[in-house]
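Next come two complexes, and both contain subunit A; in the first it sits with subunit B, in the second with subunit C.
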Partner chain A sequence: MAVFIVRRLIISVFTLLAASYLVYVGTALSGDPLQDLYGIQDEGDAQTQMDARRRAMNLDVPVFLRYFLWLGDLLQGDLGQNKFGQSVSGILGPAIWATLQLVIAATVLAIILGVMIGIISALRQYSGFDYTLTFAAFLFYSLPVFWVAVMLKQFGAIEFNDWLREPRIPLPIIVLVALLAGLAWMAIIGGNRERRVSTFAIAAVATGGLLWALSETGWFEDPGLGFVAIVVLALSAALGSTLLIIGFRYRPPVIATLSTAAVGCVFYLFSEPVLEDPSWPVILLLAVIAVGVGLGIGYVVGGLQRRQAMAASALTAFLTGGVIFVDYMLQAYSGYYDIVRGRPVSTIGAATPNFEGSFWESSLDTAGHLILPTLALLLISFAVYTRYTRASMLEVMNQDYVRTARSKGLTERTVVTKHAFRNALIPVTTLMAFDFGAVIGGAVITEGVFGWKGMGQMFIDGLREVDPPPVMAFFLVAGGSVVVFNMLADIAYGYLDPRIRVS
Partner chain B sequence: MSTETNRPATSENATDRPPSGDEAQGITIAARTQGQLIRRRFFRHRAAMGGMITLLLVIVLAFTSIGFGPIPGWWDKSYLSTGSLVNDGDPTLSLVPAFLGGDGIRLGEHPFGQDDVGKDYFALVMRGAQQSLIIAFVIGIVSTVVGAVVGALAGYFRGRTEGVLMRLTDVVISIPTLVFAAILAAAAGRAGIVVLGVAIGLVIWTGLARLVRGEFLALREKEFVEAARAAGTKPSRIIFKHMMPNAIGVIIVSATLAVAVGILLETALSYLGLGVRPPDVSLGSLVSLYETAMTTRPSLFWWPGIFIVIIALSVNFIGDGLRDAFDPRQTRVRE
Partner chain C sequence: MRTKRRGAAFLAATAAGALVLAACGDDADDSADDPVEDEEAADAPEDVEIVYAAEQEFASYNNNTADQNSFRNTHVVNGVLGGFWQYGPDGLAEPNEDFGTMELVSEDPQVVEYSFHEEAAWSDGTPLDCDDMLLYWAAQSGTYVTDEEDEEGNPVPLFSTAGTTGVEDWVKPDCEPGDKTITVEYETPYASWEALGGYGAFMPAHIVAEQGDLSEEEFIQAIRDDDMDTLADAAEFYNTGWTMDPGDLLDEELIPSSGPYKLTNWEAGESLTMEYNEEYWGDPPRSSTIVFRFLSQEQQAQALDNREVDIMDPQPNPDLVNQLDAMSGVELHTGESFTYEHVDFNMRPGHMFEDRELREAFAKCVPRELIVDNLIRPQNPDAEVLNARLTYSFQDDYDFQIEGSGYEDYMEVDIEGAREILEDKDMVGQEVRIGYQEPNPTRTNQVELIRDSCEEAGWEVEDFGTDEFFGRHLPEGNYDVALFGWIGSAYVSGTASTFMTPESCGFGTTGNNFGCYSNEEVDALYNELLTELDLEAQRPIVKEIEALLWEDLYTIPLFTHPDLLAWAEDVEGVGPNPSQGGITWNKHEWGRL
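On to the complex of A and B.
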């Protein structure tokens, strides 16, 4: 395995070098870097400025050699200056953070949601749910990112913020959403007619009632979860992880996850001093502790199903922690709402300028800025992941070993999660690398629409000015992360499919 | 297969021609070639046929309405000439019939409205659709030819040729598509739309090259290739005459999808100002020109976007239908 990784790494470095040569030469030849100086009236002044820029950008050196000057600087850790004399590494620092936030959030969400929904879609092949999703995926593929982004800006931010002033959901919309939710749950759960009808009724009534109650009690003006909601959510996290990982056949894992959820709820009651105004390291530490506690409870209570109980409890602990995190964030909402003068969903930039607030308020600020560009990027990748997972899951479900697993009497849950799901993931890992490049491309566009000062903007500005150093800095990060993702995918591939390692 | 099951089990002569049993029962069976089977499956694919008809309608609408080059069209306004504002520049298109309280079904003077200097927006959108369609098809052709040839050469010759070509593919893949396309388009955009299409096509061939190489690696071990080689056939003839037709399914499907990817890439680049340059327009540059009009005159923003979605969606459906037609295994259910 080590040899495999090292060999991949060496090849990647050479690939990246060759690609950087293409990008450099392409950028340098894409236009005239002196264009903006031709407009200067005073000829003597224009001449001096042109000479200065020729010297600064080494324009007298042929392009094909100029690359090596840049490469030489790079090897000494210098990214160079853009054509207005600013240091590129100075611009790159904050830009990387903004873009990576966007890209990683979109990729992770797309993978989780896409894989999940793709699997459901495959398990319910040719149902209404499947057809709807297939059509939605085709539609999302065909959407131009920039158009969606402008639309999101209009409806997701401007009009949504207007709505938040008077947050009442009109009754027809509640009914419509309730009916749609009922249909979706009916298609997901399936079963015979009786079961379908009851699923539909329960889901529709629950959704409609919840929305109506939230709207009537003015929840959207001052949202929060409260202890009861946290207990309910923690218990559902416990039951959900048990169902996903081992099922309800054995008692110890159920006890383990339920007690983990209970510990989470008790922690919530006494969490005020710790979570008043924490920092990211504290949150991370708490997450690690939560997972550790989950593992511990699973180890102690798990009995014969120790391994599965540990996994299920750790998942429960993580989810419960997430619920508590969201609760604290929502508690800070009304304060934040006043700070941003009633416009919580933002359309410009990665953070409110000169924003000072508690940890929770600045998290809300980040979330409010991230949500729309992430959504714009998410749609397309989500469609790709759903389609891919669905196809690969269908392929796997038709394999003989799945039939064997069924015929030896395993439950459908075990067949799906243990035998089919893992194998269906193998081709999906290759997609990760491809898709990451696409998301970075999408980020170039979305950043422009949402006014983020990210790497994509740096790239476009550099390209418009025919200025290689910023473009190259962007490429090093973008191409580098594509290569890293590619490699991670290859390693994951090798891990998931032992046949690859042999060759 | 069906002929076998129809044959009476008590057939005395086991080496009988398969259809004989059916002929005895009065059933005539016409043999279908592979091509006929594929065509049949494609024409029965409802989404694909819907896409096909929509795409043809859009193409006909775009090219006949304002005419193309010297040929005049049936729409009397030009996308270049300005005019006085009718109806405040709002669209005069109405689709609500009179008895439902609307203005009746009519096109009116400017169905999509007018922009701020009074240009007819329908003519502008049609011009944009023409340009975007031409570029998309050029992209499809270029990327397919390059991808198929690179993949075929790498798969057939193996060895050093394969090494060089596949490393080249890796290099192009490691540059994010939109980034590479933007860099090439920044230079090529000024040289007109065909050059722009070629430039973008040179970016997106990599996926097809890998697929075709895979096909060729399997095909070159087949007996008919061995036989052709033994007969002294030239490599170029083996590749294009013997092997390429066997990989045609992958190639056609990729070509279709490349058109869909192409139109999205081109409109994105034009939106960024790197593709089709003013005064000429494409669907992407129209969106970028009028995105600020979203609140005041939404139709200026909606129409070009809707056309992009319609074109891309119908091409994607056609691609899906072709994939099912060439590879029916993908849709088969086995319970």
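On to the complex of A and C.
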């Protein structure tokens, strides 16, 4: 394995070197770096500035040799300067940070949602849900991202913010959303005709009623969850975790998760002093404590199913904590609304300049800035993940060992989560590795439309200015990460699937 | 393209030119909301934040060096570094008496007396005085040159500067530490002396000295002694020390303020914040905080609609104008700028356009009215054909300058006349290559319109747009007709190098006179103009030059480039400005209702 990795690395270095030469020469020859200095009517001034630019950029050295000047600096750890004399490493740092902020949430969410929905869609193959999702996936996948992004800004930010001034949902919209929700749940849950009809009715009425109540009570002006909603959500989290991890056949795990949810609700009642204005370390600490409490309850109550009970309780604790977090954020909303003069969803940038507010208000600010670009990125990569997961899951579900598992008498839940799911993830894992590698190169268009100065913008600006050093820095980071993640994918593949392990 | 050139050309606007129109400096017929004058100056600004959408990210506190001189810095430092003048609403320099006064004491020899305001001081408490003026001279006169040479054998200056125009004519000034009044004598008379020493010009010499391990006295002494070795470290800091990486704002001690605002926060790629400089001795600005939000032009309109920015000044195009027009609660203003579009003939030796009659035959078929109507009026309904090269149509002096200049002959397209000339010369079907820098859709469309019209007259017009036009073909003289814009200012002397006889007609030796136009009378008039200190006396000279240029038909002006401003309706005090200073010229007057 070590030999394999070293060999891969050496080959990659040479590939990168050769490619860097091409990129450098290509960039340097792509236009005239003095372009911005033409048109100065004062001749002496024009001359002075052009001379200085020529000196700074070594324009008198032929391009093919200028590359080696750059390479020499690079070997000494210097990324050089852009044509305005700013150090490229100083530009690169914030650019990488911006890109990571922008893409990490989107990528992680796309993976989680994509895999989840892909699996459901595979389990309900050829159902209405499956067809709808297939259609939606192809639709999203083929939408041009710049268009989606501009539309999101128009409707998700500008019009939505306008609507928030008087947030009442008109009745036809409520009815429409309710019907759609009914259809979706009906397709997901499936079953015979009678069951479908009842699912549809319950889901539609529940959704419609909830929307109507929220709209009528002015919830959108001053949102929050409140104790009752928290209890309901915590209990749902408990039941969901149990269902996912062990099922309802044994009682101890159920008791464990329910008790965990109860502890969470009690904590909520007394959380005010801790959560009034916390900080990220406090939140992280609380998350760790919550998971620890979950594990503890599972350990004590779990009985024979101790291991599963601990996992399910920990998950319950984490989700309940998440619900409480969201509740606090929503409570800060009306204060935040006033600070940003009634426009909480933004179209550009990562934060409101000079924003000063409580922890919750700052979190809302970040959320309000991230939501649209995340959605834009999500829609597209999510589509890819659902397709991959669905295909891979279908393939696995038709394997002999799955049939064997079923014939052993295992429940369908066990077959899916234990036997099929893990194997179905193998090809998706490689996809994730590739995706992360590519993502660090920046989402050029999304960054552009949402006004983030990330890696993609650095590259585009460098190219537009005919300024090789920033372009090269981009290339090194983006190219390097593709190489590294490709290698990780190969290694992970060999690790997950013994059949293709490299000797 | 234009933004960048506008930025680079800022210096042309400030450091060059004769103040020919200063006499007519009131903004009588400005159609936009006039900037609101504060009736009674308050003691402190309102606690309000105004957000301006800036396309390019700030880079340096020192906008005077060759590599940093750029619009991206100009529009920031104009609120932070004061000067003896600032742009007025008409794009002319207006004296800024808060900062100090400059006075022409004698005309022969030309002597100017600069007096910093009694209370004028950097925000760290150090007074603005002698050392700052000496630094200005040392850095911008180009006097100090190191022993080093660049690859082409040109000496490398000690202090990097984007231009030496004007200051290079000074006799080295002298003053004692702490002097607030400094007298400057010119070796040769320099007509646009009033355009020197504007905002951004005076850098804190005490910081430069300190960074070079010198005291203020030592620094002054080193300049007196022309001691370049002693100054070396200080100069090094001046050249590079104020250039910042994105988000990496220098410590407050290194970037003191001499204007109404000081820089306080910079988020890389996002925004730059300037807040009220509490040490500012003049009238406080209206709003306490101005934020520059860095945002590409394509994104500005939606950001304004969502009120994430309050003010924007993008390059106009018809779609954008319509989009902004349709927004509720957004004020829109279209006006004109000091940039004009023109066609130039190639008059280099041996070229067919040396023949005036052929130039006339082409000039007669250029559909100027049609170009304006089709391409410019959709953006600026009030646009008119431009009939002058040294004066802009929105200036008060314009009518005086064009009257009787001979422009009337080319108001209407005269296909018949053009064809007659071509037939006389037996040159029907003659090819004309119109060169311009690509990509530029507006210019491509202009060439189309010119082609349609001139082919009727018998010319064979070829669209010769390339992306190497400015870099290669224009200086090489490889074109018949060139189509581009000049970025000018309210001052005319910047145009000298465009119309005066060049040294020679080789590659890159023609200065701005790419077509190698030469007329001894014009040369003589420019020489007179450049040394004429009396503003009123300059006007007839300009008029004479204009008439000669129409007579010789070296260039045909087409139109001034439109300017577009949009701002949220709850913001007031936003005023257009045709100069390269741009919309930020009066940011101290921006306020929120």
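Assume the second predicted complex is superposed on the first by the 407 of 503 C-alpha atoms of A that agree within 3 Å, B and C clash if a C-alpha of one lies under 4 Å from a C-alpha of the other, contacts with A are read in each partner's own complex, and residues count from 1 in each chain.
Keep in mind that, in the parts below, a residue touches a chain if its C-beta (ideal position, glycine included) is under 8 Å from a C-beta of that chain, and two chains touch if they have at least 3 such contacts.
All of these numbers come straight from a predicted model, not from anything done at the bench.
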Partner chain(s) touched by A:Ile440 [first = subunit B, second = subunit C, both, neither]: first
Partner chain in contact with A:Ala98 - subunit B first, subunit C second, else both or neither: second
Contacts of A:Leu37 with subunit B and subunit C, given as first, second, both or neither: second
Contacts of A:Gly448 with subunit B and subunit C, given as first, second, both or neither: both
Partner chain(s) touched by A:Thr15 [first = subunit B, second = subunit C, both, neither]: first
Contacts of A:Trp147 with subunit B and subunit C, given as first, second, both or neither: first
Partner chain(s) touched by A:Ile297 [first = subunit B, second = subunit C, both, neither]: neither
Touching partner for A:Ala52 - first (subunit B), second (subunit C), both, neither: second
Which of subunit B and subunit C A:Ile120 touches, first, second, both or neither: neither
Common interface residues of subunit A - those touching subunit B in one complex and subunit C in the other: 31, 150, 154, 158, 448
List of subunit C residues in touch with subunit A within their complex: 1, 4-5, 7-9, 11-12, 15-16, 49, 51, 57, 59-60, 65-70, 142, 150-152, 154, 156, 160-165, 240, 243-248, 265, 267-271, 273, 289, 291, 293-296, 298-299, 302-303, 305-308, 437, 467-468, 470-471, 484-488, 494-495, 497-498, 511-512
Residues of subunit A that touch subunit C when the two form their complex: 31-32, 34-46, 48-49, 51-56, 60-61, 83-87, 89-91, 93-95, 98, 150, 153-154, 157-158, 161, 341, 343, 345-351, 353-354, 448-454, 457
Subunit B contact footprint on subunit A (complex, rising order): 11, 15-16, 18-19, 22-23, 26-27, 29-31, 125-126, 138-139, 141-147, 150-151, 154, 158, 391, 398, 434, 437-438, 440-442, 444-445, 448, 459-460, 463-464, 466, 471, 474-475, 478-479, 482-483, 486
Touching residues (chain side subunit B, partner subunit A) in the complex: 167, 170-180, 182-184, 186-187, 260, 264, 267-268, 271-274, 284, 287-288, 291, 294-295, 301, 305, 308-309, 312-313, 316-317, 320, 330, 333-334
